[in-house]
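Shared chain: chain A. Partners: chain B in the first complex, chain C in the second.
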Partner chain A sequence: MNNINPNLNTNSFIKIKKFLLSKSKYNFCNFIFFVISISLIFNFLTWIFINSNWKVVTSNLNLYAFGSFPPDQQWRPILWFFSLLSITFITVYGPKWNWIRKNLIFGWIGTVPLGIYLLNGGLGLNPVMTRHWGGLTLTILITSCSILFSLPIGILLALCKRSSIFLIQKLSSFYIDVMRAVPLIAVLFFGQLLIPLFLPVGLEIDRVWRAIIAFTFFVSAYIAEDIRGGLQSIPNNQIEAAKSLGLNKYQINIFILIPQALRVALPAITNQLIGLFQNTSLMSILGLMELLGVSRSILANPEFIGQYIEVYIWLASVYWLFCTIMAFVSKKLEQKLTINKGY
Partner chain B sequence: MSKNKKIFFQILLVFAVLGFLGILINNLIINLTRTGIGFNFNWLTKPASFSLAEHPLPYSPSDSYAWALFMGWMNSLKVIISSLVLATCIGTLIGFLRVGKNSFFRIITAGYITVIRQTPLLIQLMCWYFVGFLSIRNNSFLNITNILNISNKGIELFGFSFSSEFSALLVGLSIFSSAFIAEVIRGGIQSVPLGQWEAFRSLGISEKHGFIKIIIPQALPAFIPGLTSQYLNLAKNSTLAIAIGYADIYAINDTIINQTGRAVECFIILLCSFLILNLLITKIMGIIDKSIMKSRI
Partner chain C sequence: MINRLFFGLAAFGILVTGCASNQNENISRLSLIQKRDELICGVSGKIPGFSFIERDGSYKGLDVDICKAFAAAIIGDSEKIQFRPLTAAERFLAIKTGDIDLLSRNTTLTLSRDSFGGNGLTFAPVVFHDGQGLMVKKNSGIVSIQELANKSICVGSGTTTEQNINDTFESLSLPYIPIKYQDLNQVVAGYLQGRCQAMTSDRSQLAAVRSGFKKAKDHIILDDVLSKEPLAPASDGSEQKLADAMRWTVYALITAEELGITQSNIADKVQLAKNNPQLKSLRRFLGVDGGLGEKIGLRNDFVINVIKATGNYGEIYDRNLGRDSDVPIPRGLNEIYSKGGLHISPPFN
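Here is the complex of A and B:
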């Protein structure tokens, strides 16, 4: 978990100054590299601010955010974004009241049904078909749904892989190994093709949900491995202590093992989350209008043809920003959890 | 749990799993007969009737589907092996600079790793293909006579020419994987205790010599597991070739499904080819690991 580099602080700049003034034998070579990088950065910046045409981004911001969501209903995804933002803020900077700490997890879980309700409609809101979902909204929805579904499955698989019952252990390790061997794009593609084939006649799942199911299948195998690593790191005397307190097997798993394993596996799970967020872009190959899919359709518009660089830089910075936020939140969460370790 | 209980539970589980699979397969058979596709592998010998832009061995549209799939496998293998080598070279260099003493390089490499790791590979690949190779206008970007020629038709090196799809995939995959490999290298070097550095310094061995002879050999075993998983990821990521039109194993499976509609068979073929590929990489890395361990003792 090293998405944010600790070396990038003001200290480094003092060091740069020191090294530029020092007489090391590499100084000349360094200086040339320094000049090259500075000129590259300078060229890049001049291109960004002067030579490029950002109209392809600025005039389509609505599309990037919501896809083809009906304009009069767009307050719904905005409300959802806002709720996500506020719960993130509470997690990172919120007061250390006990009830907040205890209920935060339910708040996080609650954002997913809230998002589905707000996007899907029904129960007093106008229903919106899933083919109108798109842009960043869809990207975040796929990510959050998949991670929410794959966490419990991952925990279950990890526990099964450690089970003493031969068959359960073999089955779950077979599933995990196969899923980890197959490329994600294949899982997604065959998820789109094969899930309808395995369902009884008449029952249909639409494309967004098939994508979420395929992502869940895929990510749960990876999360299972991370959590298994967490479970292995728990010393055996924890289990002995729990047994001596008279807890039964299920209580040991639920109250002793899983919380500790989750805490150890948190950085790894965050990496999976970040990977998942980036990999939702693969759905654009399979025709879903998420962030990259919307951009591809914008680039196909004759008005903006050939403006690849602007769009890709914009997309890369959006993805980068969200991934960095996730890494930051997870780091803060990790710190909080370590502080609370004592009691 | 007592032994009898365990056996009973397992039998129950077998029935549950079999029953669930039975329902799924029953649905599958109903759906396949309904659409009139069926399930067999006879189509593999029929002519593929699509052409491939790139094939390492002779291939024509009248050749069989099986041969087309084999070409895809070869293409995949080609791009995986070459980007594996390139990514390892770049990643090692970046990893060394990342832990080095030079703070300027440390900042640059840290920035490189963050940017590369936090943006999706698909966007990077598209960027390399559409912006990097296809938008080279006046036919040549870099031309060193008879040695290296980078143009919108790809890369030509010592008379070997590589298509622009292959080159974009190679560059994109190598750059993306190199950021992860650099982190593996950094972790491996940092796993060597600081005392080792102090020890060789106090013995009067030079920085460079000590790094190569003392630190690297001790860090090597720590590299291997991380590198293996990165290589496996690279192999899996190579399937994104479909986004830029390189005919790898997945792209050819995709074409065949579009032509024949045989999704189940193609899934099995793809699964098997990736299981073989993974086994290959894991075995080779296992051999390397063993030889390192032997040389240490």
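Here is the complex of A and C:
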């Protein structure tokens, strides 16, 4: 295509370039853009620092962070946040000792039971009902539990979809297709409102857990597809080579396919997980007091009526911060994994 | 061999009878609450003056106080409540699935919600008579709906609100220009930017919204009421005992206001009733004699617990929606009948 009429393309390009970059017009455009952006920034800053009233944020920080978690027990979520923060730090900046690298994954997996134990109590801690869980704590808990459960399920589904056994392959494709065809909000509604109807009498699943289950079901289907993409990127001769070395199916999967597939799929999986973190805000319309839910309740406090803009700007920056951290960690991981690959 | 068979059969039998007894154990919701020693109360959590979250994480508002009254009546302690924030979409299903015991979440009592062919609920007496209203700027000089002819009105689209205002203006043969928005916040923004001369919504919401305005005094809510929105607590229609307990708890709040019994003078009134056998109706009401509470599955002195916990209806109203509260709404229809309102209680006999 490019070779058919190179002159036409170049000529029109030069014309446009001339028009846009002629000195006077260029300066004029620059000036207009400059004025508009300065006035926008100025208005925004005057609003932020003068016209807005940040009391709705500052005086409710505890609510945003912990919901209605009992005040004398709030060191527990704080401790959990701290453990998450430190393991993130170790992952990104930690020394390259071998034992750390090998056990980091268990550290990450361990943060989830630790968080549940710290929030739920028992075994020496005062038990706290899940209805008191809320705010950022709940958002992070739902996200991390869903990640922990959906990753192995996703890997399993991806392997099943490539399986040579007809039934297994069809079942897992069916599951993945159905989950991707249903909107997330429908899955969440199903989890929150319909699961209790189907459960036998006496058996009750807590609504926080129902949310985590619904998210896990949904996200694992997407992760399965991401990982399948990673699996497909591995050349077939690797499998053949492994077979000729005498490895069996499981060994091939565990030592050769999955590690490489995960490495390839990492950016796509990060995408899903960031999406998952933001999608937890949907739980606010299902009555969970996570970050957005607790904010909407704060806005109904007569003291703070009408301060929507402040609250939503604050929420946006909190979500931005956490998504940025997630993206950053994934980028660092990617770099480390590429280095280890040895080329 | 025979031994094993026998044990297998026995185990199976135990399992079956266990299941059967589990299903036959038809414990009423009221005794379930008392056994659990905690009331699970569905609220909105997002409506100023009715239910919202305080800085310390506790719930407050008129709907919340009604929950507290129920807990005081049923359990005897107004603090033993679990509040469950619910959205409009899930509130009825939450009752059906037994997720919550009762609903105190400004829900309009309608035929289809009350009937067994509809949502299958049972409603306690109305605790707040709401209605659709109109808000205008004070300096516009508009004081009645007639003067809104040919004026533009901001309204949320696709709601009963939109339907109601259309019906009203049509029945009055008044022309008007509706300006439609997606939700209440946009309606408010449009109204404040001067795109319309008036805005319409439920009167309680208008009052709540207005209390957030910078100059709340510059806006008035017209006296015209365009629709009936009686808000009432609800419970599962098949649980008559719970419904009775709720009904008479609300009536107790209203009767207490009628009799001038308040949170502060309840102890004196009880003493008065105990010392004066001739005050028959007061003695029955406070459970000194008559045994009325037992008939609805509560303690005979449940009224005392309720009033001690929340005060009478007037006190609850003043605390949350009264003149000095953050969301002042004139009592109007919500006065007791002797003062020209709609709240009336059948006799405690």
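Some observations on this one:
Following the convention adopted for this analysis, the second predicted complex is superposed on the first by the 315 of 343 C-alpha atoms of A that agree within 3 Å, B and C clash if a C-alpha of one lies under 4 Å from a C-alpha of the other, contacts with A are read in each partner's own complex, and residues count from 1 in each chain.
As a convention for this text, a residue touches a chain if its C-beta (ideal position, glycine included) is under 8 Å from a C-beta of that chain, and two chains touch if they have at least 3 such contacts.
Note that the coordinates shown come from a computational prediction; the quantities given were computed from them, not determined experimentally.
Of the two partners chain B and chain C, more residues of chain A are touched by B.
Using the contact criterion defined above for the overlaid structures, shared-chain residue A:L123 touches neither chain B nor chain C, since it reaches no partner. Of the two partner chains, both chain B and chain C are touched by A:I285.
By the touch criterion defined above, A:Y308 lies against chain B and chain C together after alignment on the C-alpha atoms of chain A. By the touch criterion stated above, A:I50 is placed in contact with neither chain B nor chain C. Of the two partner chains placed by superposition, only chain C is touched by A:S68; chain B is not.
After overlaying the two complexes on the shared chain, residue contacts for A:N30 are found with chain B alone; chain C is out of touch. In the superposition on chain A, A:V178 contacts chain B only, with no contact to chain C. Within the superposed three-chain model, A:S59 lies in touch with chain C and out of touch with chain B [touch as defined at top]. Of the two partner chains placed by the overlay, chain B and chain C both lie in contact with A:P196. Shared interface residues of chain A (contacting chain B in one complex, chain C in the other): 189, 193, 196-197, 201, 285, 306, 308. Taken together, the chain B residues at the contact with chain A in this complex read 1, 6, 9-10, 13-14, 17, 24, 27-28, 30-32, 34, 102-108, 110-111, 113-115, 117-124, 126-127, 130-131, 135, 183, 236-240, 242-243, 250, 253-254, 257, 263-264, 267, 270-271, 274-275, 278. By the touch criterion given at the top, residues 59-60, 62-63, 67-69, 71, 129, 131, 134, 189, 192-193, 196-197, 201-202, 207, 285-287, 289, 293-294, 296-303, 305-308 of chain A touch chain C in their complex.
Chain contact summary for the complex, chain A toward chain B: residues 2-5, 7-8, 12, 15-16, 19, 26, 30, 33-34, 37, 164-168, 171, 178, 181-186, 189-190, 193-194, 196-201, 274, 278-279, 281-282, 284-285, 292, 306, 308-309, 312, 315-316, 319-320, 323-324, 327. Partner chain A is touched in their complex by these residues of chain C: 22-23, 45-49, 51-58, 82-87, 89-90, 93-94, 96-99, 185, 188, 208-209, 211-213, 325-327.
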